[in-house]
């Protein structure tokens, strides 16, 4: 018991198996386990299964599940409806992102002014975000009827409004605009926070140099908030590819196929027409588009974002 | 940009904002007022801003046509569980990715981030078959499990991680020296400090679950299991004709409570969102 | 002796059934949530459970707009109902897929069912090689409701006047509608068409002898001259004369907004009473260019093969549609039984209708009516045609070109 231990022996004996680092590792795994396992089960496995199902046809009524090889992919290439769907998806997403981002920025700049009662305005602009999405869309579907509220208001000013939901162009405008008014409040708040984060000294300096307000905005504000713009635009674009309820309630993809975006088409094929295999094939197309867009934006981020904290 | 404005400029700005407000406020106003109009006045031309005749019977009818109270409960309890579950698991994962140094942390984080690339719309067909084989079709499980563990929770994890990264380390360091375990630190120090981020995540998650539409119509097939968004589109007579005023009454009942909560707590709402760490 | 064995057998069956409680629940999906309907259905269920102790029957109302999708989800989810209402347009999908139980033997064996009373023509759709897979409980002729107050106010002849004069043709009907429309109301509505459910237009185009596809369902016939003529007629009625409201306009005949409405007779229950009441009439569809015709909408009930109690389900279905209960159902749902198709029986349960209306519209319509369009894979064909037809509902549309596009698109699906 009185044997003097060598220094190395001492340290070995005194360091238990559960070192701080080991305990940390364990804690780390335990902390992320629910999320990581969840992603594996509810995202990664289904993703692999999408590929598998896209090679099959599943008849729900007759309960058959048959291997069909690449037949669904041939169908994808020869589907006469698909080009229209892709065009509608592209138009919808582009218009939505552009309109959403510019309106959000405009509102954020307005709300950033020193005005009495500005929080009331902020609350009102934000309020559609918390209104149930389907309720909001149903209301707009009334307002956009040919004899509905919007044309009633236009009539007041002597303007004969179009039959909004029955013409391809106006129907597309309608679904974009309804969606933007619903959700622009979120981006508006994020932009507002970013604007308020811009150091005031920068503007002071610019004013001393006599730089006009508009150039201050372009030279100082935009670069300073560009990381927020970048991130919200990624989220908005990916979000625009998931828009489903609004289309289902407002236009059911019509008139013609003019507002049939990819997600809606996918739903129709799989769950209304019961072409599950083809639906899975369309899912893969959707996945490729989302992944490509995200990758592209991540690349652009490096070039466009001026300032990152 | 915050400069004192001339009175003329102020009037111009107020005017601009008032005009811009119309499409944000009018639909909600119209929904609430029309829900108490007799059906013939809903399509009055030009539309009535303030109803001249009242008919409240639609509110009762909404409960007769569908098990609306049950559907309300379904939406509410699903949203509550999803929000609670997401808060717990995302803050844990977000904390670990931000603070704890463990092997393959970055790899795991990248794997989790893949979830952002794969919205549940992409995997809806296999999810349908998976839940089918687990006997969970026409139950609320898919509406709880997918948001809490699947793609929608990744965004929450990301927000939480960003927030924890920005949190000063010193407080935790002191506790670690005192020999506090990771879980204790997370629970007693980090989590209480992250209330703004938790608030933002709670709002996002609640609204996401509350608005879910594709998943319910895919997974649920009996009216007493339906959630509100799905139920709202189903106020039709036996031949598919829409029952407009009842639909509007139900829409109002769906929208108003959340709206009122928001108006009362709007400061926390908006400021919580502003703190999501989405600044880069 | 025989009597004893019967009682013994019944007892044995009862105990066997009572032993497996869960095996005795029957569920039927329906798309009506109407209280009067449900009360009647429950009465019929009670009269069945009275002789079948331990059996319980529930009706599950699913919303009409997503009925078939929801029903299919239940089937796919391994939770099919025991019995379900099926809409005529999806008849081919259900009958051909083999999910439905054959009914002939069960019906013939059922007491007092009187199988031979069932009309052959209106059940054709629900048969495969002579075997019945679902029985129509509602065979509803499409007819025209008219608001005579509006028509007279516009100075036009009422449908009854035209019928009396032997001039009840589509051209004259549209003239009447156009006159009323010019006088600040709306003319004629195809109810539930809404520029989406185009199959309801069959109520008009059958008068031109037009059909969406050939009888064997293999060839698209949207582009044939009869269809082009019929659709041109409809297009003119919308955009030239304004006789029928255009797309995106919500008009309700039963609120007194329009002169005429093409719909099923069961809608008579929507006619307003009291202050809002108007002088109405129910008349058959006018003569088209190809002569007299009738069109019916149908809904049938089938039993699912995969249910736990197929035989019990078929027995209940036989009970529900036997002569006695069919007569009760007839107040809402016109039957396919020869013995019930007369003004006496139907008049007793439909006090709103005169015997003349019943003879000219109901009896005549059911016996010779053509069912609305049906095809296998209907939901996809429906959507594709709907999408193509959208370009027809524009003032300057080229009818022939649009219809030939329709055929190009749906031919691969037929």
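For reference, chains read A, B and C in written order, and residue numbers begin at 1 within each chain.
The rule we apply is simple: a contact is a pair of C-beta atoms (placed from the backbone, for glycine too) under 8 Å apart; a residue touches a chain by one contact, two chains touch by 3 or more.
For clarity, every value in this text was computed on a predicted model and none was experimentally measured.
For the interfaces A-B and B-C, the C-beta contact count is higher for A-B. Taking the mean Cα position of each chain as its centre, C sits at the greatest distance from subunit A. Here the spacing of subunit A and subunit C, counted between their Cα centres, is 43 Å.
Put simply, the C-alpha centre of subunit A and that of subunit B have 14 angstrom between them. For the pair subunit B and subunit C, the distance between mean C-alpha positions equals 41 Å.
Residue numbers of subunit C whose C-beta contacts span two or more other chains: 69, 73, 76, 250. In subunit B, the residues touching two or more other chains are 43, 217-218, 233, 244.
Chain contacts: subunit A has residues 145, 147, 271 touching two or more partner chains. Of all residues in subunit C, only 31-35, 37, 60-66, 69-71, 73-74, 76-79, 191-192, 197, 250, 255, 264, 267 touch subunit B in the complex they form.
Across the complex, subunit B meets subunit C through its residues 39-40, 43, 64-66, 132, 135, 137-138, 217-219, 221-223, 233-234, 236-241, 244.
Those residues of subunit C lying in contact with subunit A across their complex are 69, 72-73, 75-76, 93-94, 97-99, 195-196, 246-250, 377, 379-380, 383-384, 386-388, 390-391, 393-394, 409. Within the complex, the subunit A residues that touch subunit C are 59-62, 80-81, 145-147, 163-167, 252-257, 260, 268, 271-275. Listed in rising order, the residues of subunit B touching subunit A in the complex are 1-5, 10, 13-14, 16-17, 20-21, 23-25, 27-28, 30-31, 34, 42-43, 45-47, 89-90, 92-93, 95-97, 100-103, 105, 108, 111-112, 114-130, 145-146, 148-151, 153-155, 157, 181-183, 186, 207, 210-211, 213-214, 217-218, 228-230, 232-233, 244, 247-248, 251-252, 254-255, 258-259, 261-263, 266-267, 269-270, 273-276, 278-280.
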